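Take a look at the structure set out below.
Which chain is which? They are A, B, C and D, in the order written, and residues in each are numbered from 1.
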Amino acid sequence: MKKDESNRGWKHRLHEIIYEADTPAGKFFDILLFILILVSVVLVMLESVKEIDIKYHNILLVCEWIVTIFFTIEYIARIIAVKKPWKYIFSFYGVIDFLSTIPLYVSYLFAGSQVLLAFRAFRLLRIFRILKLVKYIGEASQLRAALIASRTKIAVFIYVVLILSVIMGTIMYLIESDEAGFTSIPRSIYWTIVTLTTVGYGDIAPQTNLGQFIATVIMILGYGIIAVPTGIVTVEFSRAGKDQLNKRTPGFVHTNTQACPSCASEGHRDDATHCYSCGDAL
Amino acid sequence: MKKDESNRGWKHRLHEIIYEADTPAGKFFDILLFILILVSVVLVMLESVKEIDIKYHNILLVCEWIVTIFFTIEYIARIIAVKKPWKYIFSFYGVIDFLSTIPLYVSYLFAGSQVLLAFRAFRLLRIFRILKLVKYIGEASQLRAALIASRTKIAVFIYVVLILSVIMGTIMYLIESDEAGFTSIPRSIYWTIVTLTTVGYGDIAPQTNLGQFIATVIMILGYGIIAVPTGIVTVEFSRAGKDQLNKRTPGFVHTNTQACPSCASEGHRDDATHCYSCGDAL
Amino acid sequence: MKKDESNRGWKHRLHEIIYEADTPAGKFFDILLFILILVSVVLVMLESVKEIDIKYHNILLVCEWIVTIFFTIEYIARIIAVKKPWKYIFSFYGVIDFLSTIPLYVSYLFAGSQVLLAFRAFRLLRIFRILKLVKYIGEASQLRAALIASRTKIAVFIYVVLILSVIMGTIMYLIESDEAGFTSIPRSIYWTIVTLTTVGYGDIAPQTNLGQFIATVIMILGYGIIAVPTGIVTVEFSRAGKDQLNKRTPGFVHTNTQACPSCASEGHRDDATHCYSCGDAL
Amino acid sequence: MKKDESNRGWKHRLHEIIYEADTPAGKFFDILLFILILVSVVLVMLESVKEIDIKYHNILLVCEWIVTIFFTIEYIARIIAVKKPWKYIFSFYGVIDFLSTIPLYVSYLFAGSQVLLAFRAFRLLRIFRILKLVKYIGEASQLRAALIASRTKIAVFIYVVLILSVIMGTIMYLIESDEAGFTSIPRSIYWTIVTLTTVGYGDIAPQTNLGQFIATVIMILGYGIIAVPTGIVTVEFSRAGKDQLNKRTPGFVHTNTQACPSCASEGHRDDATHCYSCGDAL
């Protein structure tokens, strides 16, 4: 029984260090982790620059191994420290942590495993935890709330924009010649979206007078259409902001950086005694 | 008399399947139709890619025939199921359905009939019916209401932008040489709109110092002008949103996906007993 | 005395036809004038297209002469019909009318007189009068009111953007080489504004890593900065809209298309008995 | 004692001329200074244009010396006129004034000192003082207040955009070939930001079908994302505007152009008797 308690003791302590940022050790761990995540992302970038990779290949590989080993230990520790490991493993951060750890191991098995390196950047989202500023989390959740509230409107809007792009792309394909770059309908639709979103690369550009006239119409449409998502989001922000002013608003409560010792879910209320996700005591 | 009743019976049933999405058969028909519309649009795209068209020409043609035959049957069924067929035939969806069906037939008569293929994309708008989510229809109608309310303001705005483009285009034509791409006033106006809407292809770009200075002025103008439609739409959204909060707002009622058995018009109120368009009982 | 009266009579009638759009003759004149303005603008465009100018040079010249003669007669009639001609001659529309009329005459004297052709486009602004829709004038004046109200804010904003462009342009000139297109500071400033306004031609683009990094910073800045004018104008629109809802708002009264018989100024209140500009009876 | 008083007298007078704009001499000094700042910025630009620099090198150098000597005198006078010189020297304007003065001196010592010329443009910000329009300062401070209020939201937003750019850039690097311009991950990230902000140079553009598809997704994302900062700033403007309407708002008071004779800090309240920064009597 004593063993069980001491066992629970070091697990509890591990949990505090890894998942929380209230103790000095927890804060130190979080900052160290963030620096290593940053280093891992920079490593991926440097390896992709040919001149640097040729010159410093061995140094980069050693750094990559150090990061990978730390990530491996951290990943295993996270699983051990949580009571219900599967909840963590299949959570958003659990999957990201796994995919950020394995690329180096997998690279010895498969050639195309570098794709997984892109997932490392997702780990940078942990900064919001590390900053440990409830303010930032509040702002982020307010942004998210406004975006979620305008979700259906934006979905309808994007769908209509896509249909418009297909129609306009087909028309442009029929008008413009292959020389101008409109070699197929998918490519013409690509051009239409490039124009409608006012990106305008110029790799494909209309040459005929009729094509240029329709391009003009698409541009003015795009110029006007951009007003729609802006209008939607602004109105939602305005509402979300007003809600926040009323302190007793049901939708918004203060949350802290505490993580559930069972399932590692975050964003608990300040006065919470049980996890909102698995029901275990905090 | 009995025959007439049974006749009305199967017509009524056909109407329910084709025009409504409340029964399982109606829902199945709508989903099947949407998949076929998607397939028809993808077919048009694939045919335009030369390499694919050469390799799989026969398969594509067979698929195209299957889609066309289904569309033909559906079009005829729609006419039969409605009491007042002409109302459907000359409605927005009626014209789109017709133009989406005929391209393959017409291609044996005229060469340039592929233009009609672009109309198929319009059929994708039916998804709002199929999703059968009053919420989506509500959002779409709110978007439309805000756009309609800001119609005159946007018309005034676009007209002023066009006059500005003509003036600026003429000035740039006089300043810049042919080598820079400003070969005629229409082309210079095209460039002005490309610049004013911040698309910026770069196929035509000013070379002289004076031309670049005026281009700078146009860009900053365009940068500021984009604020105008955004401001208009945002204010209208804000109003539309406030209206919606008041439940007894006269302009907004809940509508369902039921279609009039006589004229096939949609968007009836939940408590409607007669069609708002032709007056027949629903 | 009788002669003076009849004199005043036809002058009054001429004034009604030319300056107002309430009588059938006035309306007909306005529509005819608008069509001729449109034709004159299209003529300028067509003349600039080399192939068309070579083929149809004589036809275009004849049309140009017809338009010019009509414009000349109209301009003289406008001066005669107004009691205080100088007020009209030096008004915005008076100057535009003069500059739109003379290019053909001046082209026999000076070579570079085509510049004046650009002023014709300004005449298209008369459409707001012709449409004679108080609604449109109301919308336009509401737009104008919002823009005027946000004038100082936008001036401050543009000034700060320009200073930023000069600083960033100088830095980019020092970093990037001549080969990339950054041949002088003015040209680098031009590139900075092209980037900051998200136009992005691509005729000048950074090549070095440091240059690309700074370009990235400028882009994200520009992306964020665009929010500022939008925010300003939206808030002003919102206010202007609220003002309009209160019918007794001091700043907004209904105006009509009547023009002062003395000085031809427009936009009189519905209940006005004297011109707000020269004090003569309407 | 008399000497001390007269000493204090001319120092006080110098302070009035240099730091304030209420007396005619102060106003004249401010306008002269602004013209010289403008001249200094134009000189830097002209020197960078090779053709002009070759032709008028000596004239430009003389002008540069005149400006530099005036700036030097002004800088020394500013230090003398203030009671606590160190506060001025290490203030924002103090550093800018110093960096704007030294480039010509330093150019005889180091080659790369032209970088300092970019700081001259910052001096143009003094115009807000010279215009001496409390209105402009009010507008500027309102703009600043709105931007400061939305600071955390915008920081969260930019951070998320950067993570997204790293992820998308890595994916595009893996998909696209070197020929299309995606030679390394940093360069792919640069392309992603160029696309996401709708700048779209076109120097790097996807060639493969998959790459173009992902580019399309990035564009539509960027098109939607631009709504977020706009929404944030608009809501903050709206609030700042409402605050200003309440005359007794605690956050906003009228300020004048008076500068503290001890530490040269600006923006004192109209009714202030002591400096808010160093506590000395004004």
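To be clear about the criterion, a contact is a pair of C-beta atoms (placed from the backbone, for glycine too) under 8 Å apart; a residue touches a chain by one contact, two chains touch by 3 or more.
Remember, predicted model here, so these are calculated numbers, not experimental data.
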{"item": "Type of subunit A:subunit B copy interface by residue overlap (half), same or different", "value": "different"}
{"item": "For subunit B placed onto subunit C, the superposition rotation in degrees, Cα atoms, nearest 5", "value": "90"}
{"item": "Between subunit C and subunit D, centroid-to-centroid distance (C-alpha), Å", "value": "33"}
{"item": "Residues of subunit B touching at least two other chains", "value": "186, 189, 198-202, 226, 230, 232, 234, 238"}
{"item": "Subunit D - residues contacting subunit C, complex", "value": "41, 44-45, 48-50, 114-115, 117-119, 121-122, 124-125, 127-128, 135-136, 139-140, 142-143, 146-147, 154, 158, 161, 186-187, 189-190, 193-194, 197-203, 226, 229-230, 232-234, 236-238, 241"}
{"item": "List of subunit A residues in touch with subunit B within their complex", "value": "152-153, 155-157, 159-160, 163, 166-167, 170-171, 173-174, 183-186, 188-189, 195, 198-202, 205, 209, 212-213, 215-216, 219-220, 222-224, 226-228, 230-232, 234-235, 238-239"}
{"item": "Touching residues (chain side subunit D, partner subunit B) in the complex", "value": "198-202, 230, 234"}
